[in-house]
Structure formats: structure tokens, C-alpha cells
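So, here come the structures, one by one.
You will see chain A twice below: alongside chain B first, and alongside chain C after that.
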Partner chain A sequence: MQIAHLSPTQLIERIKDPGIYIETGPFTIHLQTAVAHIAEGIRLLYEDFPILENSGVADFHISFIRTRSLRPWVRPEVRFRLDSESPFAPLPLEQAFPMFEWCFNWCISRHANQYLVIHAAAVERDGYATILPGPPGSGKSTLCAALVIRGWRLLTDELTLVAPATNMIAALSRPIALKNRSIDVIRSIDPQTAFGPICQDTAKGAVGHMRPPTESVLHVGDPALPRWIVFPTYKTKGAMNARPMSKGQTFMWFARSSFNYTLLGLTGFEVLSNLVDRADCFTLEYSNLHDVIEWFDGFDPRELAAAANSAHASQA
Partner chain B sequence: MRVLSWTTPRLVWKSWGEEVIVFNVASGNTHLLSPVAAQALRILEQNPATIFELSNKLAGSASVDADEEFIEHVEKLITNLDELGLVEPVS
Partner chain C sequence: MQVKRDVLIQSFARPDSVVSLTPFAWDMLVRCTRPHTLLARLLILLDEHQLSDKIPAFARRHLESARIVANNEERVLRWEVNRIQRALRDVDIPIVLLKGAAYVLANLPVARGRLSSDVDILVPKDQLRVVEEALCRYGWEAVKLESYDQLYYRTWSHELPPLRHRDRKTIVDVHHTILPPTGRLRPDPEKLLEAALPLDGTRLKVLAPADMVLHSAAHAFQDGDLRRGLRDLVDLDDLFRYFGSDPTFWDTLTLRAEKIDLARPLYYALHFTHLVLDTPIPERILQTSWRWRPIWPLPAVMDMLVTGALASRPLDASKSMGSFFRWLLYVRSHWLRMPPWPLVKHLLYKAITRGRRKKSS
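And now, the complex of A and B:
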């Protein structure tokens, strides 16, 4: 059963009690809340995701509780709980859905140590993944959203999960978080793109989440082989500029920006070595998304295979 | 006065051309090395050496003289590597 199979009223009632078990790639969350903003966001953005029977088994049991005050001038707020812990200060009620997304990301980045968890977006085509790392504001989510609209499969917009046993990337395919002007930029590429409610005045400015394409959600169980690593930087003007980035610098960037590289110890080193080994690495400055999409469309995974084959031939 | 010999903790290596990265198994830290630091660590990993011995080996591979200035550079290099936990004196 998928979320879309529930009516809005059924969804609200079920999330309220006993909560719903949503399967998002390798993780199952048990979400329980009476906050309507969250139920509405789930309805709009997670409709293709499977919901599981109430088994009591989940990777994360999370709830959001509206805080109450007897003083009417105090704005209503929402508090997040993971199990019985409440690790963060509450946020205004209007920000409840972005808060759900941020807290879900936090759960994964904090606890999913069966993966190397890298702060990066990732998309897939023909079984090969392009990883888009970058600090907040670099434009990685915007670029990720644009590529997804143009047919790349969404793996993740925020947390790239690399499985140590296979060195493959596991997909999450959750909604893409966009901020401020990026929301209009993506709407200009495809006016049909569905968004959840746009929240103004968050700590990050205006935040909206783009609904993941159905195809991406249906193939969430298909892992992808890392093939390209592109560090995007958005500029307000100027021509696109892509340059090779050294593997050593790429490795060190990932080591610093991974959530659990240090915790994984030698395993983290080996996973990252393998990842960087098999990828072509670039820095990319861009101001025009159409130019960039064209550049990405030129990616050919056979080029690496050909290079690897000729290297083996010369060693022999 | 006894002259110290230096060795390395257990290191795991990864290199792409001249770029060398080591993982220090004892500390869990990862380092991107300069070519000369990488060469010094490879020498010390194979056999412990004093700064004088290490200087001679490094100078020999670079076809330069291990003069006083060169040895001072190597001494500073070992000090830096010691601060990073990448070398340790042989007890």
C-alpha cells in the first residue's frame, strides 16, 4: 500500500494514532503526529512511498508534538522526538514540515553507520551515479532538482549513502529541499513540478520541498555505482567552467564532510578510497542550468571502462 | 646523548600519481601528504632511522648533498610529523 491509497482524512487519522510506517529506501520510519502541517506535507510529497503494516519495527520512531501555552500571545510551536529523546529546541508550527525533513535527515546522519554517509546530493543514469557535494548555498540541490526534472533518477538531495560491502550508493529518493530563489528557478524549468507548502522565514529563508518523481521512488531499491563526482558552485553570471579536481583533494573533502568517516575508521578510509578511485572528479562553476544539463548529458560511463582497459593492457 | 631513531605507527596508504594519503590506524586520522613527507614516511616505515640517516636517504634519492641546511629541513619535517602522530621515537 502507498500513501496515495489513503484519503487525506484517513492519512491524518492514521498519522495521529497509531502513526504510519513509511519505507524510504533502506529505512523505515514510524511517524506519529497530530500536526496537520506534517500530514499535509506527507500527503503531497510522499504519495508514491510504500507504507507498511503497523509492525512496531522501524529504524526510527519519531514524533512531533505541538507545544501548548496558556498565554495566547505565544506562537504555537512543534517539538521533535526520537524515541523519548527531544534533542532540539521547538520550531514555529508553520515550519513543521521542513522540520520533519531536517529531523529525518538528522536521524540518518546520526545513526545510519552501516553506510558511509556523505553530505552530498546524488543522481543516477544507466546504473551510474553522479555525486554532487558542496556546502550549503553551493547550488547542489538546485542542480540535483534540475537534473532530476531532465530525466536523471533521484538518489538523494542531501545524504549520499555508500554501502561498505558493495561500494554502491543506496537511494533515498526523498523530497528535494530548495531555498529562496532556487524554488522559482526550478519552477521556470518545469512549471508542472510539484512542491509542498513553501515556508517563509525559516533560519534558511524560504524553504520548499520538491516532490520526487514517481519513477525515482519506484526504483528506490536499485543501488547505483559511483562514477562521477562534481563539486558545483553557482555564480550569478559568467560562463560555465568545469575543471578536473584531484582525487587527493576530493578524498580529503569527503573525509571532512562525511558525517561518520571518523567513526567508521579503516572501513571509512577503504570505502572512500574505492569511491574516489572509480570516479572522475570535477569542480563546476555555473550560472545557467541549461548549459550544465547539456554538459551532464555528455557523461559517458564507457569512457572510464575504456581507460581502465587500456591501463590493464599497458601493465600486462 | 642517545640519538633517537624514528619509525611510523601502522599506516594504510592510498596514492593517485604524486598525491599520497595515509590513514593512521592508531589515531584514526587521515592525512594528505607532500611528496617529501610521503617519501620520509615510507623510508621510516621500512626501517627506523635517525634524522641523520633519514636525511642521507632522502638526499640520495634526490641526488643532492645532505648538508646542514638539508638536515635542518628534515628535522623540522620530523617535528611536524611527530605533532601529527605520524612518526614516533623507537623505544
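And now, the complex of A and C:
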């Protein structure tokens, strides 16, 4: 059964008690909350995701509780809990849905050491993945959203999971978090794009989540082979400029922006070397999304694989 | 007395019992085990009992993930000990590793899957300043504490305020004895240092087996409040099982307990590991330890508090009997540590500042 099969009222009641078990790629979360903002976000953004019935089994049992105050002028807030742990300060009620997404990410980045967890977006075409790392503000989520609208499959917008046994990326296909002006930029590319509730005053500015395409959610179980790594930087003007980036620099960047590279020890080093060795790495400055999408459309796994091999041969 | 065993305690006491767990019970087991920081230890226990193929895939993921964290903690800890040795290479005094660092460096079974990369060391009291200065030359700094907490450490504690390395953010606790000098029980650190054993290939030492067990018992039942739940008991269980295979160990242990003033904590350690985890302890040793029991009705009260505090807590918020018992144990640990009037002042100060902190966050 999928979330879309429940009526809005059914969904709200179910999430309130006993909670719903949503499967997103390799993780099942048990979400339980009476906060309507979260139920509403789930209804708008997760409708294609499967829900598991009567299982009682989940990777993360999380709940969001509205804090009570006797003083009516105190703004209502929401507190996150993972089992008995409550690691963060509460946030205002209006931010409950982005808070759910952040807390879900936190659960994965903290507990999923069966993967190397890299802070990066990733998309897939023909079985090959492009990883888009970058600090907040570099435009990785915006670029990821634009590529997904143009037919790339969404793997993840925030946490790239690489499985050590296979060196493949496991998809999450969860909603893409967009900030401030990016929301309008994406709407201008495709006015049909569905968004969840837009929150104006979060710590990161205005935040809205884009609904993942149905195709991406249906194929969430298909892993992808990392093939390209592109470090995007958004500029307000100027021509697009893509330049090869050295493997050493790429490696160091990933080591720093992984959540558990150090923790994985030798495994972390091996997975990351393998990933960087087999990928073509670029830095990319862009001001116009249309140019960039065209450039990505030119990616050809066979051609580039040959280029990479000859590069190896010349090094040897 | 019979103790009601929840799924977590049962899995540690009788590992074979996991074969009959339903998926739902496995899920509960993972959730109960996580707050006690025992996930990695549980995986190792099940491996040792050839039960790892009985673990369902969804539970295994979490156990394996925790084992990766534990392996990293061990790696970090070994490197920290290496760095501490380097920092103290010109300080010509005995340095004794305590707790986790000792377990890991001495390759004891209790180290398996244990989470903690803090290093605790014991040095003679008159050398505290020398050690602190040497560590500070190599990048450790006193953790910035409120002035009240600084004062608390210097006045009431058996250790320096924690030192944190400025780059690696790791913590060293430098002790001059193993229990607060103001407390009811005062084991003589001279005796501990004297009996300490050298660690092969290093200039470091670890406590002799009996002292190591007594320190762990004191940590759980005299100085501590079982805040880490079952973890303290699992440590003691591992230590008893390992050292207890030497038949002379038990008599050495009981004699030593009386000699260094740690008989009461040893009574609790023997009693509760046996009661809760079925730790194999010779009957005559249990009988010997009864004479160290507190007067009636304290044994019954402690049974209630300790088993209550060990109760699993995946779902409970702060308002449950378990957390009330944990609070009572916290108060007890302070009662044993400080004279009554300063204790009242300390608890009041902590209660007020906690209220303030909650408000400001």
C-alpha cells in the first residue's frame, strides 16, 4: 500500500496513532506525531512511498511532540524524539515539516554506518550516477532538482550512501530541500513541480521541499554506479565553466564532507579511493541552469570510461 | 529474589534465548540496547555463541553499524594512549591506565565492543601538577567549566577537571585516587599504585586484577549511579568471568576488598551481576560477601532501585518509575561522596541551574 491510498483524514489519524511505517529505500521509519504540519507534508510529498502495515519493525522510531505551555502567549514548539533520545532544542510549530526532514537525515547520518555517508546530492541515468557535492549555498540541491525535472532519476538530495561491499550508491529518493530563490527558479523551469509547505523563517531562510518524481520513487531499490563527480558553484552571471578536478583534491573534499569517513577507518579509505578512481571529476561554475543541463545531457558513460582508462594508462 | 528480565537483560543473561524472538521483539531489543551503549557488545556476544545467523537482517544492520563505531573508539583510544605516553615521556613516575584504556591496552575481553574513547589515568597525588603541565604542553587544555564546577572538581573530586586535546577533542581524566577523598570509603591509592602491573612494551601500568574489579565495582556502586544502565553490570560480568577462571582469584579478591576498603561495593557487584546476569560466582564467595551487606532494609531497597533503574527505556519519557529510581541512585551516589550539608547545597545548585538552562534553551 502507498501513502496516496489513504485519505487525508485517515493519514492524519494513522500518523497520530499508532504511527506509520514508511519505507524509503534501505530505511523504514516509524513516524508518530499529532502535529498536523508533518502529516500534511507527508501527504503532499511522500504519496508514492510504500507503507508497511502491522510490522512494528523499523530502523528509526521517531516522534514529534508539541510542547505544552500553560502560557498561551508562548509560541507553540515541536520536539523531536528518537526512542528516548531527544537530541535537539525544539523548533517553532510552523517549521515542523522541515524539522522532520532534518531529523530523518540526522538519524541516517548518525546510525547508518553500513554505508559511507557523504554530504552530497546524487542523480542517475542509465545505471550511472552523478554525485553533486557542495556546501550549503553552492546550488547542489537546485541543480539536482533541475536535473531530476529533466529526466535524471533522483537518488538523494543530501545524503549519498555508498555501500562498501558493492561500491554502489543506494537511493533514498526523498523530497529535495530547496531554499529561498531556488524555489522560484525551479518553478520557472517546470510550473507543474509540486512543493510541500513553504516555511519562511527557518535558520536557513525560506525552505520548501520538492516532491520526488513517481519514477524515482518506484525505482528506489535500484542502486547506481558512481561515474561522475561535479562540484557546482552558482554565480549570478558569466558563462558556464567546467574544468577537470584532480582526484587528490576530490578525495580530500569527500573525506572532509563525509559524516563517517574517519569512523569507517580503512573501509572508508578503500570505498572513497575506489569511488574517486572510477569517476570523472569536475568543478562547474554556472549562472544559467539551461546551459548546465545541456552539458549534463552530453555525459556518455562509454566515452568517458575510455577517457578515464587512457588517463590511467598514461599515469602508469 | 527473582528479577523480572526484560528482553535486553534476558539476551545478555541467556544469549540462547534470542532464537525465539519475533521480529517485533528484535526491534524492541535493538531499541532497548542502544541507550545502554551495548549494541556492539550484543553483536559480539551473539557471535561468540554462534547465534549470529539467528539475527534478522534489519537488526543486524544496526548491530554492525554500532560495531563500526566501537572499532573506531578503540582505534582512537589506542592512539590517545600513544600520544599521552609521548607527552609524559620525560615525566618519570608510574602512570596507571584505568577503565576502558586499561581494558583495551591489556587486551581483556571486557574491552570488546565497549564504547569510550576517554582515557583515565591514575598518578601519585604529589605529581598531579607535573602531569597536568606536561599534558598541557602537548595540546591538552582544561575543559572550560563554570567556576562552580571547577571549584567542585578541585574541592570534592578525586580527579582534575577533564583535559581536552585542542585538535583531536579527546578527553583525559587525571586521577589521584579512585574515589572522592571526601567520601565514606577511602581506598588508599598508594596500595593500588604499588600493586599495579606493567603493560608489555610500554612504560604504562594497569591495576592488578583484583583492584581492577574493585575499581569497576566502586565506579558502579559507590561513586556512580548506574547512569549507563546495564553497561556497568556487563563490564563487571566480563571481568568476573575472565579473572574468575583462575581459582585463586576469588580469595585474593575478597581479601583485597577488605584491605582497601571496598568490601561494600564488591558485595553489590557480586550480588547484582549474579542476580541480573547469572554471572558464575562461587557460592562460598557470595556467602562471604553477605557480611558486607548494609543493614536492613537497605538490601531490599537497593534491589528495588537497581533492578528498577535497569529497566529498559526505549519509549519512556522522563516521567516513569525507572527514571525516578535513576534519580534516587544519583542522589545516593552523592550522599556517599560528600558530607550532608555541602551535598544539599550542591544538589540545590544543580537543580536551580538545570531549570535555568532549560529555560534559556
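Everything that follows uses one rule, which is that the second predicted complex is superposed on the first by the 304 of 316 C-alpha atoms of A that agree within 3 Å, B and C clash if a C-alpha of one lies under 4 Å from a C-alpha of the other, contacts with A are read in each partner's own complex, and residues count from 1 in each chain.
Everything below uses one rule, namely that a contact is a pair of C-beta atoms (placed from the backbone, for glycine too) under 8 Å apart; a residue touches a chain by one contact, two chains touch by 3 or more.
Keep in mind that what you see is a predicted model, and the values were worked out from it rather than measured.
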{"item": "Partners on chain A (chain B, chain C) - clash or fit", "value": "fit"}
{"item": "Partner chain(s) touched by A:112 [first = chain B, second = chain C, both, neither]", "value": "second"}
{"item": "Vertex chain A, arms to chain B and chain C (CA centres, degrees, nearest 10)", "value": "60"}
{"item": "Touched partner set for A:58, first chain B, second chain C, both or neither", "value": "second"}
{"item": "First (chain B), second (chain C), both or neither touched by A:269", "value": "first"}
{"item": "Comparison of chain B and chain C by chain A residues contacted", "value": "C"}
{"item": "Partner chain(s) touched by A:248 [first = chain B, second = chain C, both, neither]", "value": "first"}
{"item": "Partner chain(s) touched by A:85 [first = chain B, second = chain C, both, neither]", "value": "second"}
{"item": "Partner chain in contact with A:17 - chain B first, chain C second, else both or neither", "value": "neither"}
{"item": "Minimum Cα separation, chain C to chain B, after superposition on A (Å)", "value": "6"}
{"item": "Residues of chain A contacting chain B in one complex and chain C in the other", "value": "262, 265"}
{"item": "Residue ranges of chain C touching chain A (in the complex, touch as defined)", "value": "23-24, 26-27, 31, 34-35, 58, 61-62, 64-66, 68-69, 71-72, 75, 313-317, 361"}
{"item": "Residue ranges of chain A in contact with chain B within the complex", "value": "246-249, 251-252, 255, 261-262, 265-266, 269-270, 273, 276"}
{"item": "Residue ranges of chain B in contact with chain A within the complex", "value": "12, 14, 16, 19-21, 23, 25, 28, 30, 32"}
{"item": "Touch list for chain A against partner chain C, complex", "value": "28, 55-59, 61, 83-85, 89, 111-114, 260, 262-265, 267"}
